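One structure coming up, written as C-alpha cells, with questions to follow.
Letters A, B, C and D mark the chains as written, and numbering starts fresh at 1 in each.
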Amino acid sequence: MGDDFVISEIEKDYIKSLLEQKKRIDGREFNQARNVEFELNLVKKAEGSAIVTLGGSKLIVGVKAQLGSPFPDTPDTGVITTSAELSPIASPYFESGPPSNDAIELARVTDRAIRESHCVDLSKLCVIPKKSVWILFIDFYILNHDGNLFDAAVIGAVAALATTKIPKVKMLEDDEVEILEEVEPLKIEHYPISVTSYKIGEYNIIDANFKEERVSEARVTVGFDEKDRIVSLQKGATGVYKPDELLAVIKESLNVSKTLRKELMKALS
Amino acid sequence: MAGDGTVQLIDEKGKRLDGRNFDELRPISIKIGVLENADGSAEIRMGNNIIIAAVYGPRELHPKHRALPDRALIQCFYRMSTFSVNDRKSPAPSRREKEISMIISNALTSVVFTEKYPRTTIDVYLQVLQADGGTRCASLTAASVALADAGIPMRGLIASVAGGLINDKVVLDLYDIEDQKGSGDVPLGYCPVLDEISLVQLDGVFTLEQFEECLKLSIKGATEIYDIQKKALQDKYAAIRADVSVDAKETKKEVKPKEEPKAEIKEESQAVKEEPKEAIKVAPKPEIKAKPKEEPKTEVKEEPQAVKEEPKEAVKVAPKPEIKAKPKEEPKAEVKEEPQPEIKDEKEAK
Amino acid sequence: MAGDGTVQLIDEKGKRLDGRNFDELRPISIKIGVLENADGSAEIRMGNNIIIAAVYGPRELHPKHRALPDRALIQCFYRMSTFSVNDRKSPAPSRREKEISMIISNALTSVVFTEKYPRTTIDVYLQVLQADGGTRCASLTAASVALADAGIPMRGLIASVAGGLINDKVVLDLYDIEDQKGSGDVPLGYCPVLDEISLVQLDGVFTLEQFEECLKLSIKGATEIYDIQKKALQDKYAAIRADVSVDAKETKKEVKPKEEPKAEIKEESQAVKEEPKEAIKVAPKPEIKAKPKEEPKTEVKEEPQAVKEEPKEAVKVAPKPEIKAKPKEEPKAEVKEEPQPEIKDEKEAK
Amino acid sequence: MGDDFVISEIEKDYIKSLLEQKKRIDGREFNQARNVEFELNLVKKAEGSAIVTLGGSKLIVGVKAQLGSPFPDTPDTGVITTSAELSPIASPYFESGPPSNDAIELARVTDRAIRESHCVDLSKLCVIPKKSVWILFIDFYILNHDGNLFDAAVIGAVAALATTKIPKVKMLEDDEVEILEEVEPLKIEHYPISVTSYKIGEYNIIDANFKEERVSEARVTVGFDEKDRIVSLQKGATGVYKPDELLAVIKESLNVSKTLRKELMKALS
C-alpha cells in the first residue's frame, strides 16, 4: 500500500527466491494465514469495540450507534457507515493528513463485505419508518501495520459488531423517541470473513505480511459468508490475473476463510 | 447490492426490462479525439451512460518527490458531474469516486509501457456526464482508447463490462435498474489480447459456480467491446487521412501534426495483427454505433411499478440523524460532522 | 467552562462525585513500548482516559524546506478517536485538536535537546482511545515517556495535570463531569526536575489567589505523576533485562537491539539521580497501577440529576442556522460556507 | 508566530542588548502597550464591526447574527463562533490556504476570552427554546501584522460586539419566526481585555511588536474581566516559565488591562 516506500531490490529478490523453494520469510505455508487474536469491548464509550491482531498487524475498531433519519429511498432500514484511518502511529510509512486512497479502499472493501453479506439485518435497525433509524458508525484505527490490513479490518469489524449493544427505546408522542439505559445485543445474521491473496511473480500467497505485501504486484480480497458464498471481491494494485488463476485463488481463499471464521467464533463464544 | 432478488427483472420469455437477452450488451458508441486541448480523448456512450475521457501526458509531475524514478505514474480522476444523476451530487469528490479512480488507474498501469517515461505523469480525466449503471466499466473502456489516441504505447487495450446476477440468473452489462435491484455485480476489466484481468470487484452474493459463469460471460462481452474500440480507432485515423487528402486540395482545415495516427499498441498476440494499416478513405463521422445482435430497446417502455428507487449511482440524500427527544447521545453533530458525501457514498454500496 | 458553578460537585464531607479528595489524582497507569513499529511508545490510563503515544524519529522531514537548519522540529499530532467520546466525533481533525497538538509540541520542544538532530523531525502521535477529561494533560505525560522510550535525549520529563475550580474550590485533576460543570480549568505541563512550566492554559473565572493556589496544587500533582513516569521507564528496562537473561538460556524470543534501554534523560538536577541504572530482575509486566492515596472510585455511582449535558470533549451538535421566516439578509448560504466542524469546535470552548 | 521566518542574528542581538539597558526598540517601557484605536461600524452588511489598530497591527472584525437551532444540551442559549484569517494581505510571511495553526490559535484564544468572561449573555440570544436561537459569527481578517495580534483581536471582538445590533423578531404560529426591520443593541455584560506578555531571554515585555515577537521565546496571553478576575490564559511558543515568574507576569498584565479597557470604553461611549 502506498507508492512512497521503496523496498530494496535485495529484499525483493530474497523473498522471491524463497518462494521458488516454496518457503515464506516467516516460515508459513503459501495458504496459511497468521494467528488472529481479539480483545473485545475495551472502549466503554463505544457501543461495540474490538482490538484485533493478525500476526503483527493490529487495529482497533469501534462501533457507535446513533439515531437518525433513514435514507429517503430506504425509509425502513438502518444505515451502516465505515471509515478507516491509517494513522501514522502504525507505520513509519504512513503520513498524517486527510484519508489516503489506501484508507478509502480499506474502508470501502470492508464496508462491502459487511453490507453484502447482510451481516446485520438493517431492517431491524428501524425505529420509526421514515423518521428514525439506528446509524452504525464502524471506525477503524490502524495501530500497527504488518501487512494485509484488509482481512484484519473485516474480522475486526465483525467482532466489534458482535460485541455491540444497542440501547432500547421507548416511543413517546409526536414520533419522539426516548433512549433507555437498557441495551440489547445487536443480532449478527452472517459472519463474513475476507481473505486476501497476494501475487508475487507467479506465486499467490495468503495473508501477506508487510514485506511480502510491499513486493507483491497484485492482491485479491474475497469476502465469504458462512455458506461459502462470495459476497465481495476486490482486486487491488496494478498486477493482473489470468481467469483460471483468479478462480484458483478464490478457491484457496475459501478454505482459509473457514479457519479464520472458526477463530472468530471461538473468540465470540 | 441494494436488491434482494425479489424484483422481477426478467420476463417469462427470458427478456430483460430493456428488451435485452441475458448475454447482450447495451448499444455502445465510441468517438475518439473529441477534445482539442487534450493529448488524447474519447467519448463513450453505453446505454444511457455518457462519459468523456481525456489524457494529458506524459508530463512533469508535481510535487516532484511523488515521481517514480523508473516509470511514469498514471493518475486517474474519475468524477461524476453534479447533474449526471437524478439527485444532484455534491461537487466534492466522494470516497467512491476516489476508489474508482484508483482501480481504473491500477488497471491502466498494467497495460501501459510506463517504463518508457520515467519521472512523468500520465493524467487521465474521466467525466461522467450521464450515469446509467456501469460507469466505471465504461470509463475504463474509454480511458483505454483515449490513451491510444494520445499515442501512449500499450501492451493492449482494456475493454470493460460488468456481469451480474438478477433473479438468480447471470447476465451481461447491468444497467441502472438491474444494478439497483439485482443481487450481484462483477465489474471486469479485461485485455483480450493478453487474456489478463486487470480490474475485478464484486458485490452481492454469488456461489462459486455463478461467479465462474459470470466471469466467462463478461470476458465474452469485453471481447465484443474490444472490437468496437478497435473500430473506433481505425475510423479516427481513417477520418484523419481522409481529411488530410481533402486538406491537401482545400487547405481549409489546419492539420495538426499531433492528429497523425499514433496509437502504438504493441500487442503481443497474433489476434490483433489486423491493426489499421491501410487508410479507409471515407468514414465521414468516426462514430461507431455498434448494435450487437438484435436492436435492443434502449428506453424502458414503462417504468415497472416496483422500481421507483433511485439508481445506485445516484447520490442519495444523507440521512439526517435528528433526535426528537431525550437523546442519550447527541446524534446531530455526528452526522453533520461526518462529511455528507461519505454517508451518501456508503449508501451507494459500491 | 460550560459550568456556572451551580452544579453540586463536592459533598458535605468534601468528597468529589467520584470519591476523591480535592488534591487527589485519578488512578494512573503507564505502559512503555506498547507498539512494535514505533521508535518509542506508551499507553497511559488516567481515570477513564486511554491514550496511546507513538514517537517516530528523529527522521527526515518532508517537505524539506520546513526543516530547521540548527535543530529538530517536534511535530505533534493529537487525535481523538471517533468513538472515544459519547457522541461520535468527526474523523476530520478539529481546530481544537490542532491547537492541542501545537501546545503539546511546544511543551515537548522545551525539554528535548533538539539541537542534536538538525534538519530532522521527531513526530509524536497521540491517539485518544477513550476520553474522560484532561486528555491533553494525559497526552503530554505519555508523549514525554514515549520520547524517552525512543531514546531521545531530554533535559527532563514533563508531567502534566489540570487543576480547576469546582463549587469555588480549587481541585486537582478534573475528570469528565468536573471539566463540564466546573467553573474553571488550568491544564499545566510541568517539569519537576527543572521547575519549569511548559504548558499552561486557563478557562473559567479565577481570582488571582485562586489561580495561585491552583498552580501550586497542579505542581504537586505533576510531581506525583513524574514518579509514576520514572517507575514505568524503570520497569520497562527491568523487564527487558529480565527477558534478555531468560533469552540467553532459552533463545526463544528474538531480542531486538532497538529494545535495549535507551532513555537518555540528561537531567540537570540532583533530584533525579535515582534514574534506573541497575536492572531490576523481575517485573514481568511493565504496567504500573499507581493508586495515589486512597483508591478513588473511577466510576460515578450515580449520574447526578443536574448533569445531563455531554462532556466537554464530546463533539457538540452544530447549530443549524436555519431561518424560519423572512430573512433580512440571506444567511443560509453563508453559514453553509462556514465549515461545520469549526462551529462545533467552538462549542467545545477549549 | 510561525516558524518560517528567520530573523537575523544581528537584529536579535540588538533587541536583547537594548533590553539589558531596559530599553525597547520602539522606545516603550517594558510594561507599556501600544496605542489602540478604533473605527466602529464600518461594515453595514454586518450586524457589528470594528477596525482596530494596536500600534502597527491592524485587523477588522465583523459580527454576523443569524437564527439557527441551539445545541441540544443548551437548548435555551445562543451560540458564538469565532474564526480568524491571516490573509496574505497582512504580511509577506502569510500564505493563502486553509487556516494555519497560528490562525486557529488566534481564533481560539480570542473565543476563550469572550466566552469565559460571559461578555455576552447567551441566554438572551434565545428566541424559542430548543428551536431557534441567535448565532453570532465573529470573523477576523488581519490587515496588517506588526506583532501581538492576540490583544488586538480580543479588544476588536469586544468592540465589534458592542456595536452589534440584533433584529427584533415576531413569533408566528408553529414556532415560525419573522425577522423584523427594527433592531436593538446587543447587551455587553462584561468587557474582557487580554494582555500578552512576551519573554525574550530573561525579560518579560508587554505587547511585543513584530520584531520583538519574532525573537521572543514564549508568550502568555491573559484575559481579565473588569473585576480583575482571570478569565482566560494561554502560554504560547516553546519557552517556559518558572511558577513565580508566571505569577509576576500575570500581575503586570492586569495593570495594563486597566489602561486598555479605559481606551475601549472611551471609544464605545
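Quick note on the criterion: a contact is a pair of C-beta atoms (placed from the backbone, for glycine too) under 8 Å apart; a residue touches a chain by one contact, two chains touch by 3 or more.
Keep in mind the model is a prediction, meaning the values are calculated, not measured.
Note on connectivity: the fewest steps through touching chains from subunit A to subunit D is 2. The greatest centre-to-centre distance from subunit B, using averaged C-alpha positions, is reached by D.
If you average the CA atoms of subunit A and of subunit B, the two centres end up 27 Å from each other. Subunit B and subunit C have Cα centroids separated by 49 Å.
Centres computed as Cα averages put subunit A at a distance of 30 Å from subunit C. If each chain is reduced to the centroid of its CA atoms, subunit B and subunit D end up 53 Å from each other. Multi-chain contact residues, meaning those touching two or more other chains, occur in subunit B at positions 323, 327, 329-332, 334, 338. Multi-chain contact residues of subunit A (touching two or more other chains): 64, 66, 83, 99, 137.
By the touch criterion stated above, subunit B contacts subunit A in their complex at residues 1-2, 66, 68, 73, 95-96, 98-99, 101-103, 106-107, 109-110, 186, 191, 194-208, 211-212, 215-216, 219, 308-310, 316-329, 331, 334-335, 338, 342-343, 346-347, 349-350. On subunit C, the positions that touch subunit A within their shared complex are 35-38, 48, 50, 52, 54, 56, 59, 77, 79, 81-88, 91-92, 123, 125, 127, 129-131. The touching residues of subunit D, counted against subunit C in their complex, run 3-4, 45, 64, 66-74, 79-83, 99, 101, 104-105, 107-108, 111-112, 115-117, 132-133, 135, 137, 167, 172, 175-179, 181, 220, 222, 225, 228-243, 246-247, 250-251, 254. Of all residues in subunit A, those touching subunit C in their complex are 42-46, 49, 56, 58, 60, 62-64, 66, 83, 85, 87-92, 96, 98-99, 137, 139, 141, 143-146.
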